[in-house]
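The same chain A turns up in both complexes below, where it pairs with chain B and then with chain C.
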Partner chain A sequence: MNPFAINFRQTLLQVLNVLLIVSSALMIWKGLSVWTNTESPIVVVLTESMEPAFGRGDLLFLGKPASPLEVGDIVVYKLEGKDIPIVHRILNVHTPTDQDDDAEPQYLLTKGDNNASNDRAIYGDQQPGKLWITPREVLGKVYGYAPYVGYVTIVMNDYPQLKAVLLGALALFAL
Partner chain B sequence: MTNSPTTMHAPEYPQSAFKDDHKRFGKVAPYSFHDYRHTLEDSIRDILEYDLEFDLSTKWTDIRIVLGFLASIIGIGGAVYGFLVPFHESKAGVTASVIAYLAVSAITTYITLFIEDAKVATGKRVDPVGVEPPVTLTVASAVDTASPNCQLHLTFHARAGARHAEVRATAPLEQYFTTSGELIAVRFYRDVVAWIHDTVRQTGNE
Partner chain C sequence: MHNLWSRVNIRLRFCDLLTPTHVPVVGPAGTKDPYGNLLAPLALSLNVSSATLVRRSRAAQYKYQSYFHAPAVFAALQFDATADLRSLFQWNTKQVYAMVTVAYQAPGFPTNKITVWDTIITNIDDARLMVANAENKYAITDVQYRDAARFNGLAVTARLEWCVHTYVGATRCAAMPDELAAKFTLPANVGERVSYRGDRGGVGANKV
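Showing the complex of A and B:
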C-alpha cells in the first residue's frame, strides 16, 4: 500500500466524519418531523406574548394531535404570507354542524396570554375579513418545553456571523 | 536474505524503514493515553507493512467508507427533498430516507463494533517460492485505563494453513514514550518484531 493510498484513505475518512455529522443532524430533525407528524417539531419562542407560560428563548416541542383541538390548547400556527409561525393559546373553538366536504372540521380563535386582545387583527393583516384559523394552518400543539435553551438560536439569528463561526468550529473539530 | 513466511527476518532497527517512518508521528500530547494508543497502532501497521512485508488488508475500512458516503447521500438527499417539497407531499419519501439512513448506519456500526472490533491490522505474507502456505496475521489492541500504569494489551493471531497461534503481550503504555511525548521507536520496534516472530514461529513456519 503506497503512502498516497494511505493519505487518500485518511482524507476520505475525515471528509466522511464531517458529512456524517451533517447528515445525522438533518436525519434526526427529519425523523422527529415524521414521528410527530409536523414539519417543525421544535420551535423557539421569539416574543413575550405568551408570558408567563412561555418566555423568549424557550424551546417548544410540538406534535400533531390525533384528537380535535380544544379551548386552552397552546398551538403554533402559520398564516399564509407570513414567514414566522405564532404560538398562542386557543380561546374559542367553533365546530360547524354542517357536514359539507368543503367545511373545515374546526374553526379556532387564538390569543397570546400576555396580549390585550385576540389574534383577529393578526389574521386580517394578510387576509382581510379572516376571523378564524383552521387546523390546516396549525403546525402543531405544544406538548412540552425547555426554558431558555432556544436563546442560542435567537442570538445566531441576530448575529449571522456567529452561526458561520460555530459551523466552522464544528467542522474543524470533526477534522 | 529473502523474507518469506518460513524465514521472516525483520531488519535490525538501524536498518529498518520504521527508524525514519516514525518521525511523521511527531510528538503526541504527554500522558494522553488516547494519543499514545493511536500512535502505537499506526506504528504496528508501519512495521508490519514496510519492515515485515505483510500486505495489509483495508477491506472493512473501504466498506465502511462506501457505506458512510452512501448514508450521507441518503441523509442529505432526503433532507433536501423534505425542505423543497411541502411536508405532506414529501412525508413518505422522507420517512423512507430516514429508515434507509438508519439501516445503513446500523450496518456500519455493526462492522465497527463487531467485525473490526479492536483490530489494529490484518496482513498477509505469501511465500514467493510457493512452498509454505501464506501467513495471515491479525493484531488487536486494548487499553486498560483502570490499571495504575495504563496497560496496553496486544493480541497477535497468526494462521498458516491449518495451523493457528496466538501471542498476548502486555506493556505499560508510557514505557514507549518520553515525558515530552516522543515515541521511543527502537524499544517499540524491537518488542513488536519479537512478538510477531513468536507468533509466526508457533505456527510452525519458522
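Showing the complex of A and C:
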C-alpha cells in the first residue's frame, strides 16, 4: 500500500483539528471580552504619544471598571468617524448631577503624556466643537501591560505579505 | 505527574495572573502593595502661595492651550511642592507620573477634578521632587466655561498624586493624605489675586 496516501478520514480529521483550534481561540477571546467587560480586552499601542510609559508595540490589558473613571487613569477611547482607538491619560473629570438615563455620567478630558497639549484637536477632528469625551466612547481602562509583545501585529499590518507567509507556514505545519 | 515541570504546570494553572489593583489613598505610613513593598513617599508637601482669577484673553487662551473654546475665566495658581518619591522606584518601576490636581464642587456638578501640573520621572536620581513657585501648566476652567462668576469664592482642594508604571504588570496610583492637601478659596472676583503667604508661607505650608 502506498505509504503516502492520505485517506478521506484523515483529511477530515485534520480539517476538524484546525477548526477546533480556530474556534478555541475565538472562544478564549470572547470569554476574555466578557470577563473584562470590554469589546477589545487586549490592544497594541501604535503611536509614541504615551512615551515613556507605553511605546509602539506594547500590549495593553483593558477592562471596563464598575466604578467611575478617575483623573490619572489611562483609558482607550474610540471616537465616531475614527477607526483607530486612542490610548491616553485622563486629565480632567467633571461629574454632572442630572442622572437620567440619557445623560452622560462624566465629562472627560484626555492628553497623551508625550503630547504638548490635550486631545481637543482629536475630538474636534470629526466633530467640530467637541470639548469632552464621555464614558460611552471609552472602550476600557488600562490595568496592566506587557512590553514589545504586540510588535508582531504592527509588523503584520505594515507588511501584509508577512501575514500570507505566516499563514502558509502554519498550514504547512498542520499537514 | 512524574516530573517537576508537570507539577509546576498544574500549580500555575490555579494562579491568578492578571490582578488589577488601584490604591486610592496612601496614609502617612504608606500602603502595602501586592509585591510586599511599602509605597511610602516621604517629605510630601504641597503649598499654594497664590491664586488669581484671570479674565478671558487671547494670551490666556494660548498660555493654557484652550485653542478650541474661550473660557470666560481662568484660575492661575502658584505653588510649591516637594515629594521624595525614591521609595517608589523598585525593580519593576518604569516611570512615576506625579501630578497636582485641583478638586472642587460647583452648582450642577458635584465632583470636578482638574490636573493642573504633571511631570514624569524615569529614574531614581530625579525622584526627589522639589518645585518652587510653579504655575499650573494646564487650564483651570470649568465645564460651564461661559459663566465668568463660576470660580468666584470657590473652595478648592489641591493634592499631589502619583502613579507608578511598571515594566510589566499593573499600574498603581495613590494620592497624598487629606491632612496634607492644600485647601483654600479662590478670589471673590475675576481679576483679583489672593496671596496665601502669611507668616507661615501659604496654604498647606509647613505641614509634614
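Just so it is clear, the second predicted complex is superposed on the first by the 167 of 175 C-alpha atoms of A that agree within 3 Å, B and C clash if a C-alpha of one lies under 4 Å from a C-alpha of the other, contacts with A are read in each partner's own complex, and residues count from 1 in each chain.
The rule is short, and it goes like this: a contact is a pair of C-beta atoms (placed from the backbone, for glycine too) under 8 Å apart; a residue touches a chain by one contact, two chains touch by 3 or more.
As the structure is a prediction and not an experimental result, all values here were calculated from the model.
Engineer: Who touches more of chain A, chain B or chain C?
Structural biologist: Greater contact footprint in residues on chain A: C.
Engineer: Tell me the contact category for A:151 with respect to chain B and chain C: first, second, both or neither.
Structural biologist: Neither: A:151 stays clear of chain B and chain C.
Engineer: With the two structures laid over each other on chain A, which partner does A:19 touch: chain B (first), chain C (second), both, or neither?
Structural biologist: Touch partner of A:19: chain B, not chain C.
Engineer: So, does A:34 touch the first partner chain B, the second partner chain C, both, or neither?
Structural biologist: first
Engineer: Contacts for A:9 in the overlay, against chain B (first) and chain C (second): which applies, first, second, both or neither?
Structural biologist: first
Engineer: If you look only at chain B, which of its residues touch chain A in the complex?
Structural biologist: 49, 55-56, 58, 61-62, 65, 68-69, 71-72, 74-76, 78-79, 82, 87, 91, 94-95, 97-98, 101-102, 105
Engineer: Write out the stretch or stretches of chain C touching chain A in their complex.
Structural biologist: 18, 20, 65, 67-69, 94-95, 97, 99, 101, 108-115, 120, 122, 138, 142-143, 161, 163, 165-171, 173
Engineer: Where on chain A does chain B make contact in their complex?
Structural biologist: These residues of chain A touch chain B: 1, 9, 12-13, 16, 19-20, 22-24, 26-27, 29-31, 33-34, 37-39.
Engineer: Spell out the residues on chain A that touch chain C in their complex, using ranges where they run on.
Structural biologist: On the chain A side, the touching residues are 52-53, 61, 63, 70-74, 89, 91-98, 107, 113, 116-118, 120-121, 124, 129, 131-132, 142-147.
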